[in-house]
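Dropping the structures in below, format is structure tokens.
Each of the next two complexes has subunit A plus one more chain, namely subunit B in the first and subunit C in the second.
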Partner chain A sequence: MDIIVFIINKAVITGLVIGSVYALGAVGVTLIAGILRFSHFAHGDVMTMGAFFSFVLAAFFAGLGLHWPIASGIVVLPVSMAATALVLYGFDIAFYAPLRRRGARPITLLIASIGVTMMLQGVLRLFAGTQSYSFFQNEPKLLYRIDLGWLGATRPLTLTQPQAFMIGLTLVCCIALALFLTRSRLGKAMRAMSDNPSLAQVSGINTQLVVRMTWLISGALACLAGTMLALDVQLKPDLAFNIILPIFAAAVVGGLGQPYGAIAGGFLVGFAETLSVFDWSVVTKPFNAYLPDFIVNAPNLALVPTEYKLVVSFVILVAVLLSRPTGIFKGVST
Partner chain B sequence: MPIIEVKDVVGGYGAVPILNGVNIAIEQSDIGVIVGPNGAGKSTTLKAIFGLLRVTSGNIVFDGQEIANWLPDKLVPMGLSFVPQEKNVFTSMTVEENLEMGAFIRRDDFSDTLEEVYGMFPVLKEKRRQLAGELSGGQRQMVAMGRALMSKPKLLMLDEPSAGLSPRFVLEIFEKIVTVNKAGVAILMVEQNARQALAFATRGFVLTQGQNRFTGTGAELIADPEVAKSFLGG
Partner chain C sequence: MTRRGLLLFATLFVLMVVVGLVNGTANIFLLMVTALCYSLIALGLNLQFGYGGLFNLAIMGLLMVGAMGVTSISMPINMGFWNSEGPYLLFRAIVAAVVGLGIVFLARQVRRLGASGTVQFWVSLIAWFAAYVIYRTQIDPAADYIEHTNSGAGWVGGLGLPIYVGWAVGAALAGVAAYVIGKISLGLRSDYLAIATIGMSEIIRAFIKNMDWLTRGTLTVSPIPWPVPTVTDYLNSGYGQINSFILARGGFVLLMVVLLAVVVYGIERAYHGPWGRMMRAIRDNYIAAGSMGKNVTERQLQLFVLGSVLMGLGGAILASYNQLFDPSGYAPINHTFLIWVMVIVGGAGNSYGALFGGVFVYLVWALSDPVSHAIFDQISAVLKQFGWPAIPDVDSRASQMRVFVLGLVITLALRFAPRGLIPEVIRREK
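Moving on to the complex of A and B:
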């Protein structure tokens, strides 16, 4: 029983948290890919930028001496999500829309987004330096312990407050997104534009409005994902670098342009990563006594060493592109 | 006053114009049919009216308003609707959602229009929750027409509505078009099935090489030996 609790603490909860981060980031990428028809490589840095907005706001409130029962990084989320959404929309107006007006091909927009990501990396380092920041310098990170003695376990289920909120907020966002896409006029218009952009225009759908909503929603979700990741580990300017590949892997696995696919893909990649770097020798240790002498239990049974975590997403991405490029939910394949 | 007038329109997709001075005029009660050989500029005329390509000279006047080079999202609220020839439904959305998208520009309650469309195409009501991509060609064409009718247009333009349909469906589609016209919607359509379409037309236009060749009522054009010889297969 203790082993199960250990697995839940170290693998399941971690998988859920990292899966949530990838899921929300991938939803943004997939919406932009489906409606604006290009791969937005700057998304990782948008998530980092969002995390920095949250950090600055949280530090500002800490400076004012305000404290809440919930971590300040979480409390300021509505404001930082709105700010990130608006800034991302600003990037569209400044960089991508002029190219679209001139009839730029998707590859051109992709390269433009690489330019935006480099710009963001420079700007973030200009203002924040290259060091790491912790959201919890001035306040404690609350840990929830759930006692499972009644199930026969001696260790408790441990969950930090940011982790609990991450999982909860992701669930809320997924439900909200599903309702938006299936019940609201604008959500259905987004699906229509993703399905058939020229017919959407011919039907009189306000394509400018749909594009604006796409950027705003993607920006808000990116900020949520980036902030929660920074709350779970640390805030660093190069948060983006380790995120961009898994997010694209998640979006492609789920089918580019399919929001539900992005969510599924995010959790798939998240769990694949977590379970690959998990040290399975802990699980097999109790069985040591039953093994014959010639089988020796290795000290570390992780599939992939933790430094090579990115390999997992890379392998998944390559495997999907080779075998089923349209992904689980059959998105666009270009 | 004609509901739409296309006067000496020159235009195309790039440097070389496909339309070299096209003239079309129909009244609110008309069923207008444009026929002609391949490459004559029939579909191009409809797309020029709907703002899907560049008009370099000439006028297009709809309901008294000059609309040349206006984009579709300004034309639909004015009462213009277009059914393209290909990819004319949202395949990943249900039949009912497709119809809802046709009513996007409407801010009022459009449920009575929805019921009218279902009344005209009963099979759509049956399949309202099915994905449009799963329907047969003829049923998809009905979804496409229904979608265009949801905005309560004054003029409905159709690009080869009978394309790819079995003969039974061709007749059914033309009959539905006549019903729509009787309900007060002007029709302007391009057709490859020239003889069948002209039988319903109150106004016919034969185009060749981006210009008008013959004009008259549908009956006149069918009866004209020159038209019959060149375009209707004798």
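Moving on to the complex of A and C:
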């Protein structure tokens, strides 16, 4: 029993949290890919920007002497999500919309988004430098312990407050997104435009509104994901490519343009990364008498050394691209 | 070349002379060698993107492969390694890898027994896993022995061959890497290709950075030999300090100019020949080209490998010019996107455009650093006069500005000069 609790504490919760971050990011990437037909490379830096908005707001409220029972980084989320969504829509007006009006190819928009990511990175590091920040300098990070004594476990299930909120909020967002896409008029319009843009336009769908909504939703989700990642570990201004690449892997694995696929892909990539660097020696220890020497004597039974963590998501990506090029769910092609 | 192109090149020449007069000849030669290396890499990208429309974001990985080729061929032989147990352990790892691949090959033969698709998938998955475990049981002790045991000598070392061989092998290795990348991902279109290639480049970086036994990883390799007499050679033969810098770097500049002239001549000949026409046909409408009997995938793979060979060569020359191979010094911004800015600003599809973009953008990139430092120091001083605190870590913050400038340049170029400064000349037959 203790072994199972250990696995849940060390692997399942980490996998869920990182999977949630990837899933929320990938939903944004996949919505943009479905409706605007290009891969938004600046998404990782948008997430970092959102996390910074939350950080600054949390610090501002802490400076006012306000205290809440939950971490202030979580309390300020609605405000910072709105701010990030608006700024991302501003990027569209300033950089992407003129190119779209000219009828530029998707590849041009992709290069433009690389330009945007570099500008964002420059500005973020200009203000924040390159050191890490913690949300929990002035307040404690609460730890939830769930006693499992009635199951025969001696150790409790532990997770931090941000982790619990992360998992819960992701669930809420996924359900809300699913309801929005299937029940509301605008959500149906978004799906229609993702399926066939010209047909959507001739049937009287307001494509401008759909585009605006896409940016706002992906911006808000990106801010949520970025803030949660920063709350769980640390706020690093130079995350950039380390975060956007697994997110793309998740979006492609799920099929670009498929929101549900992106959620599944996010958790798949998150769990694959976590479980591949997880040290399995705890699990094999009770069976040491029956196992060959090279397993018993190995210093670390992780499938992949930690420094190759990023590679895992790409091996999955390549395998999926080879066997099913449009992702597990069928994706759009540009 | 058009009159506009000549004018731009003349401006660039004047700019370089001015910088040379301000900063000294030795300094402008230093900038020029690096700029010409980047031009060579930009020419490679221009082949892939400008002629073939292939969206390659794996440039950084290819540069690293090229540089690794140089270190493992042209660095002196490491006798400490060859006299230790290392070669035997590595040999065992190679045998394990071969055995593993044999298992995978056998598992693929299951389909001859009439197994269903699902069974085939699981059998080959288990075979890959078994092969991986067999390989890891052999390579881990070997790597550990070479890296950490005193007699293991730290790393494999080089073969002590001349630097030109190192460059050639570096370029060839990049070609091989590009062949593998291309085989896997060239069937994909635009966005998917971009994501797949950037992923491969990160995989290559992760491996080169962490395989300390092969590449010394973060410990870095230096000094890599030069093909022309170095500064020390000139100093030892009695030249003055400044003169030996000018002579040594000048020799390298000359070498690069000759190399670039050969490459540009070759590319231009190919571009105006039937091969170039076919490539443009594939780029502009691959369906039509395919229906005319052209083997689109094969031609694109050829172009991808050819461009990557130039990139690998550029990476090899850059590393040997810096006399240092530092895997952690490679970043997507400096080594992938900078090249993209060069090709787009210069003009995709025109080798003179890539040449111009390479030198011009590199100069802007290199010179924007001291300029932004000066500006930030000024701002900081002004703030201090008003009694405000000075900007903390002003240097590291100022360095970030050039990333911003690069992003601004690329977005402005896409918006206002989407075809570049020296655009492709489209000739119509009458």
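Please note the rule applied: the second predicted complex is superposed on the first by the 323 of 334 C-alpha atoms of A that agree within 3 Å, B and C clash if a C-alpha of one lies under 4 Å from a C-alpha of the other, contacts with A are read in each partner's own complex, and residues count from 1 in each chain.
Criterion: a contact is a pair of C-beta atoms (placed from the backbone, for glycine too) under 8 Å apart; a residue touches a chain by one contact, two chains touch by 3 or more.
Since the structure is predicted, the reported quantities are computational estimates derived from the model, not experimental observations.
Colleague: Identify whether subunit B and subunit C fit side by side or clash on subunit A in the overlaid structures.
Modeller: With subunit A aligned, subunit B clears subunit C, so fit.
Colleague: Of the two partners subunit B and subunit C, which one touches more residues belonging to subunit A?
Modeller: The partner making contact with more of subunit A's residues is C.
Colleague: Who does A:206 touch here: subunit B (first), subunit C (second), both, or neither?
Modeller: After superposition on chain A, A:206 lies in contact with subunit B alone.
Colleague: Classify the contacts of A:307 with the two partner chains as first (subunit B alone), second (subunit C alone), both, or neither.
Modeller: Once the two structures are laid over each other on A, A:307 reaches subunit C alone.
Colleague: Is A:99 touching anything from subunit B or subunit C once the two structures are fitted on A? First, second, both or neither.
Modeller: After superposing on A, A:99 lies in contact with subunit C but is clear of subunit B.
Colleague: Which partner does A:108 reach: the first (subunit B), the second (subunit C), both, or neither?
Modeller: Only subunit C; A:108 stays clear of subunit B.
Colleague: Contact-wise, after the overlay, does A:90 reach subunit B, subunit C, both or neither (first, second, both, neither)?
Modeller: neither
Colleague: First (subunit B), second (subunit C), both or neither: which does A:191 touch?
Modeller: Once the two structures are laid over each other on A, A:191 reaches subunit B alone.
Colleague: How many degrees, to the nearest 10, separate the directions from subunit A's C-alpha centre towards those of subunit B and subunit C?
Modeller: Seen from the centre of subunit A, the opening angle is 90 degrees.
Colleague: Look at A:39 in the shared chain and tell me whether it touches subunit B only, subunit C only, both, or neither; answer first, second, both or neither.
Modeller: So A:39 only meets subunit C here.
Colleague: Of the partners subunit B and subunit C, which touch A:241 in the superposed model: first, second, both, neither?
Modeller: Touch partner of A:241: subunit C, not subunit B.
Colleague: Give one of first, second, both or neither to describe whether A:252 is in contact with subunit B, with subunit C, with both, or with none.
Modeller: Touch partner of A:252: subunit C, not subunit B.
Colleague: Look across subunit B and subunit C in the superposition and give the shortest C-alpha distance you find, in Å.
Modeller: Shortest inter-chain C-alpha distance (subunit B to subunit C): 16 Å.
Colleague: So subunit A touches subunit B in one structure and subunit C in the other; where do those two contact lists coincide?
Modeller: In the superposed arrangement, which is not itself an observed complex, subunit A uses no residue for both subunit B and subunit C.
Colleague: So in the complex, which bits of subunit A are touching subunit B?
Modeller: Subunit A reaches subunit B through residues 185, 188-189, 191-192, 195-196, 198-207.
Colleague: Which bits of subunit C are touching subunit A when the two form their complex?
Modeller: 55, 137, 184-185, 187-192, 194-196, 198-200, 202-203, 206-207, 209-210, 332-333, 337, 340, 344, 392-393, 396-397, 400-411, 414-415, 418
Colleague: Given the complex with subunit C, which residues does subunit A contribute to the contact?
Modeller: 33, 38-39, 95, 98-99, 102, 104-108, 110-112, 114-123, 125-126, 129-130, 241, 245, 248-249, 252, 256, 294, 305, 307-308, 310-311, 313-315, 317-318, 321-322, 325, 333-334
Colleague: How about subunit B: which of its residues touch subunit A in the complex?
Modeller: Those residues of subunit B that touch subunit A are 50, 52, 71-73, 75-77, 82, 84, 87-93, 97, 100-102, 104-105, 147-148, 151.
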